[in-house]
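Paired with chain B in one complex and with chain C in the other, chain A is shared by the two complexes that follow.
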Partner chain A sequence: MVPLAIARQTVREALRRRVMWIFLICGVFLIALGPVFGFLSPKDSQTVLRSLGLAAILLAGLFITIVTCIYLIPVEIERRTIYTILSKPVQRFEFVLGKFLGGFAVVFINIAAMGIVFLLMIRFQEGKVPADMYKGVFLTFFQMMLLAALTIFFSTFATPVLNFFMSFGIFIVGNLSSVTESLTTSRVKATQVAGTLIHYLLPNFGNFNIQNTLIHPTQEITNPDVFIRQNILYALIYSAVLLILAVIIFDRREV
Partner chain B sequence: MQKAVKKMPASVNRRTAPMAVAVVALLGVTALLQKAIDPTARQIHMGEKNISQVSGGLNNEFMLLPLLGFREAAAGLLWVRCDEFFHSGDYDAILPLVRIITLLDPHAENVYVTGAWHLSYNFTDANERSDRRYIAPSEALLDEGIANNPEIPDIKFEKGWQNFDKIKNYTEAEKALQDCIAGPHHDETGVKGTDDYPFAAPLKTLHLLAHTYEKQARLPEALEEWQKALARTEKIMADDKAAGRQQNYANKQMWFAEKHNYAEDLQRYHNRYTTTGHDAINPSNPPLPGVLWPTGPGISPQPWDVALRPAIDVKRPKVLRVYGRFNTADGSRIDCRITDWFYKDRPLVDIKNSFQVNMAETILVDSCAVRKGKFDREMDMSKDPKMYSFSVPTYKIVLSYNPRTTSPHLTDRFGWSGEGMTDSDLTHVYLDNREPLLGTALIAGQGATGPIWDGVTVPWANHSQPVRMVKVTYKVSRKQIMGEAPITAKDIVPND
Partner chain C sequence: MAAAISIQGLTKKYVDVWQKQEVVAVNNLNLEVQEGEIFGFLGRNGAGKTTTIKMLLGLIFPTDGDATLLGKPMGDNEVKRELAYLPEETYFYDSMTGWDILDYYARLFKIPEPERSRRVQICLEKVRLQPDAWRRSIRGYSKGMRQRTGIAQALINDPKLLFLDEPTSGLDPIAHAELRDIVASLKDEGKTVFLSSHQLADVELICSRVAIIHRGKLLTEGKISDLVAGDYAEVVAQGKELNSVIGQLKEFAPGSEITGGDTLRVTLPDDEKINAVIDVVRGAKAKIISVVPHKRTLEDVFVETVRKEDGS
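Then we have the complex of A and B:
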């Protein structure tokens, strides 16, 4: 399998990057800080531990994903190693898919590492790990998968610096999905159209932010499992869309 | 020079069209999925405010967090800052943070509860009297919290508690506590039926509701509430026993306390309102003055004349001495309330961005203890110009005695609704006839003939007594408050 071979190589290269380890260490450090807030009331310290832990996973995951994925394709072009790869019986779509899978595997390893530390901290402080906490880590993982696909898509035509700002910018806009959703019902026609386009066409990263229900377990939502499944499906399909677009552009790019 | 035309390989061109179609089709699917996701996402983000609304009070380090989707983390860290401010006594810094936190994370119930408590109780003058202007924003904050968290009983309980303890609006307290017990997804007894949250509201809600009924002179309902509480505690104890768990002595103590309160209510009811009271059964134990026994032996069926005779001196500008006579037992308290003449108790407040109050308004609530039939208290408002600005021309000073808010040993003398008291100066007697304030209906079959009201026996069927208060209202000018003119009996106006 060509894409898997490319993915394996990509993981090896990515793990050699020191900057990724720095983000990982920062993330783990932030999560480990949680029990420091034990001086608060039990309910408050639980809130802070959970919110800070989930935020640390997301923040470190965000930077790891972007920093890892923005270089995956441009570096191959810059070093001209892509000629060696493409001169072999490797299709361009296999190359893009391989890079994505490699980047995604790196993200998975990092989020899994931070997730384990986070769940251990919860176990340490609360005596048990509520089942919902796994869902929080799990959804962050799919959120980062979508971000990885977006970054790979941009990396087929943009420089790493430009890619960083575009991915980061769209991540912020996508996180404001509750705002963009309210714009879809705006009384101003132009705002309504713009809001609808943004809300339904741009990737909605805010969909995956279920931290609130995890931090406040008394908050009830209808069919949480269906909601999670819908979000996973959304991440998978949207990632597929971005990868197809990446293939279309990369196919036409002269390298 | 001719520009080179880039030509794509045929295989690329062949692939592009189906891939483009696939992209459009899949984007359509994601749009449909997004439409399906939106209602649940709306539930999760209910009450969250646009970041631009909260950014005004956020430092730079906190601004980025909500933008990246870390609203709860930002709220949690701000709450840590609040805790520091609480411990350092920097109360002024807390309110803006509470506002921002609740906008960032509208499901942080602890912040609503603590913020409202802080608003209602912790802003005080030099003599530790609360700044009552903050009651309205406190109530508004609790209402906002309840709207954002209809599932959570804590905020509703806090609203009930504040109305019971601080505001003494028992009608509102009852509503909030009923709402708390009712809670969504429960049966009519407040049982939710899940292992983690078996009841819609904690047991203390039932206790407070029972006390609220007592304060409203609605004894049958109070007794019923104690019975419900006893039944719940007994069930918890029985479940423990059935599961082979060790007896929980806290539950046992709770059961004793509930039983005691139930018995006490029952005894007071019979003592105060029926012929079966133990004082009536035992004629050698004469009733206390003022108590109305329907058929008690050897008592004059006349209400007790409490004879409230107040006077007010202005010692210095904004320093009033309130003194006088009040013919009751020690432990009574005369409530004193000084406000702008047109002061509204529950003004509409806008807490969208902050908890600002109208600093031009003046309200003081205090009370004077009665000892040996006299009361005397100095009310110094000169040290707190921000709280007592006295910036309007006319003020209302109300001195009153409310049998519903007094302690039980005094209610024993005058009944829950003040049936047993009057004032020989009838202009001081004030009946609050508002429907929600009407007192108890009697327990079926335990009513005897009915209490005596101004010498006339009121049949039990009609016994839904309004509150009978003793009240004196003064209308005074700013000049008088400033000591430029005396406050005399001529300033007394009819009670409203």
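Then we have the complex of A and C:
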């Protein structure tokens, strides 16, 4: 499969980038700090470890995803390695798909690495790993998949620097779903229209953060498995739409 | 013989948004390249050679016009199985080895193992990249080694039609000669080569037909032997009795003249009558000063053609 060959090459190149390793090391370091902080406040040690760990995975994952994916396509155009690829029997959608799969594989490897460290820490400290912790890491995968698709979509027309701010900004706004939701019922018409557009059009990244309920067991989601399944489906569909749009733009792009 | 490349009215305009200027990089180009020929696509820097090739390969899109490659409309994905492209400068993932980069490109053609490794090896051997460099990263390659890798890359799918954009520019004389010979050898394998170049000596050596493009416009096209037709030879001799034979000489060479009383200058349209002229001159007891055959080269044709266009 052509996209897989491109994905494989993409992973090889991306794993060579130092900046990715720096964020990974920072992430692992933060997770490892959990027990230290827990030791300082023994009463909340469980909450500290859990919240710090999931936040570290999210934060490091966020940066790794963006700094990896902003470059995947532009660098091939800038270095003109794309000439020898697209002049071979590689269709442009296969190229975009290969780049996405490669980018996501890199993100997957990183989150898996941090997730394993995190789950080992919990196991070490609490004696067992609650199923919810797996689910927390698992949802982060899909959150980052959606972010990777968004960043790759932008990369078909935006420069890496601009893309960095756009992806980062949308990730932040997309995490504030309670804020954007409140805008949809605003009494000012303009705010309401804008709020509705933002709330329903921008990817809802906030939905993937189930940390709060995981960390504070008193806050219940009524049906967690349905909630998780819906979020996964949401990430898959939204990513697919973004990739289709990316292909439509990239198909018309001169390289 | 069928046409490997057929171009109809191909045009590319670039609009400079800032200066509101329009650059016509390629202007209504019509061209046919036959299967099995090495076709020289000549032009100065900025003439529109690279732009033409990039349009044919679907990397950029024409403003107007159309083309077929091997009978299929350009941009067709299946026909790309039979194509190869060596870009003007070879751009690689520098951290990869020569072997790995070829392996990657072979994967894009879905060539399975063990055929893939075999193809990679054949191609690397064919371009004579030293085997000890195969597993070294491209970062440490010289320009010649990179160019060899570039040509190996173009051969990976055993293509029928190759687009080579200035494959020998900027190489040392040995690498230059070797790569030129590799390109020449493609003809024996029945491949069609579209060779963009301004290295006219090479082109004259290996191409059968050429086209000259200038500022996006096709100026001339044809067989090299036809284009360079018009050789002449010049005989210069000295002797007091030459005046008596000038009438005889004017029969072969109307442009014969005597200057300074005893110096004869004869210009002949070809070298067939040189001996006859020499016989007459020696019969008049004159001394031959020089016999110089002037061969018209592709360079002469190129310079004349381009100058004429610029003058008009």
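Just so it is clear, the second predicted complex is superposed on the first by the 250 of 255 C-alpha atoms of A that agree within 3 Å, B and C clash if a C-alpha of one lies under 4 Å from a C-alpha of the other, contacts with A are read in each partner's own complex, and residues count from 1 in each chain.
Going forward, a residue touches a chain if its C-beta (ideal position, glycine included) is under 8 Å from a C-beta of that chain, and two chains touch if they have at least 3 such contacts.
Every value quoted in this text rests on a predicted model; they were computed, and no experiment measured them.
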Inset, instruction - Go through the superposed model and pick first if A:Tyr234 touches only chain B, second if only chain C, both, or neither. - result: first
Inset, instruction - Please determine whether it is chain B or chain C that touches the greater number of chain A residues. - result: B
Inset, instruction - Pick one for A:Arg79: touches chain B only (first), chain C only (second), both, or neither. - result: second
Inset, instruction - Pick one for A:Glu126: touches chain B only (first), chain C only (second), both, or neither. - result: neither
Inset, instruction - Examine A:Ser87 and indicate which partner it touches, taking first as chain B and second as chain C; both and neither are also allowed. - result: second
Inset, instruction - Classify the contacts of A:Ser51 with the two partner chains as first (chain B alone), second (chain C alone), both, or neither. - result: first
Legend entry - Touched partner set for A:Glu254, first chain B, second chain C, both or neither: both
Inset, instruction - Using the superposition described at the top, list the residues of chain A that contact chain B and also contact chain C. - result: 252, 254
Legend entry - chain A-facing residues of chain C, complex: 54, 57-61, 77-78, 80-81, 83-85, 87, 89, 91-93, 95-96, 104-105, 107-110, 153, 157, 163
Legend entry - List of chain A residues in touch with chain C within their complex: 1-2, 5-6, 8-9, 12-13, 16, 79-91, 252, 254-255
Legend entry - chain A to chain B touching residues, read off their complex: 37, 39-41, 43-44, 47-48, 51-52, 54-55, 58-59, 62, 171-172, 175-179, 181-182, 199-201, 204-207, 209-213, 215-224, 226-227, 230-231, 233-234, 237-238, 240-241, 244-245, 247-248, 251-252, 254
Legend entry - Residue ranges of chain B touching chain A (in the complex, touch as defined): 6, 8, 12, 15-16, 19-20, 22-23, 26-27, 29-31, 33-45, 48, 50-51, 65, 67-73, 75-77, 79-80, 83, 105, 107-110, 149, 151-152, 185, 196-197
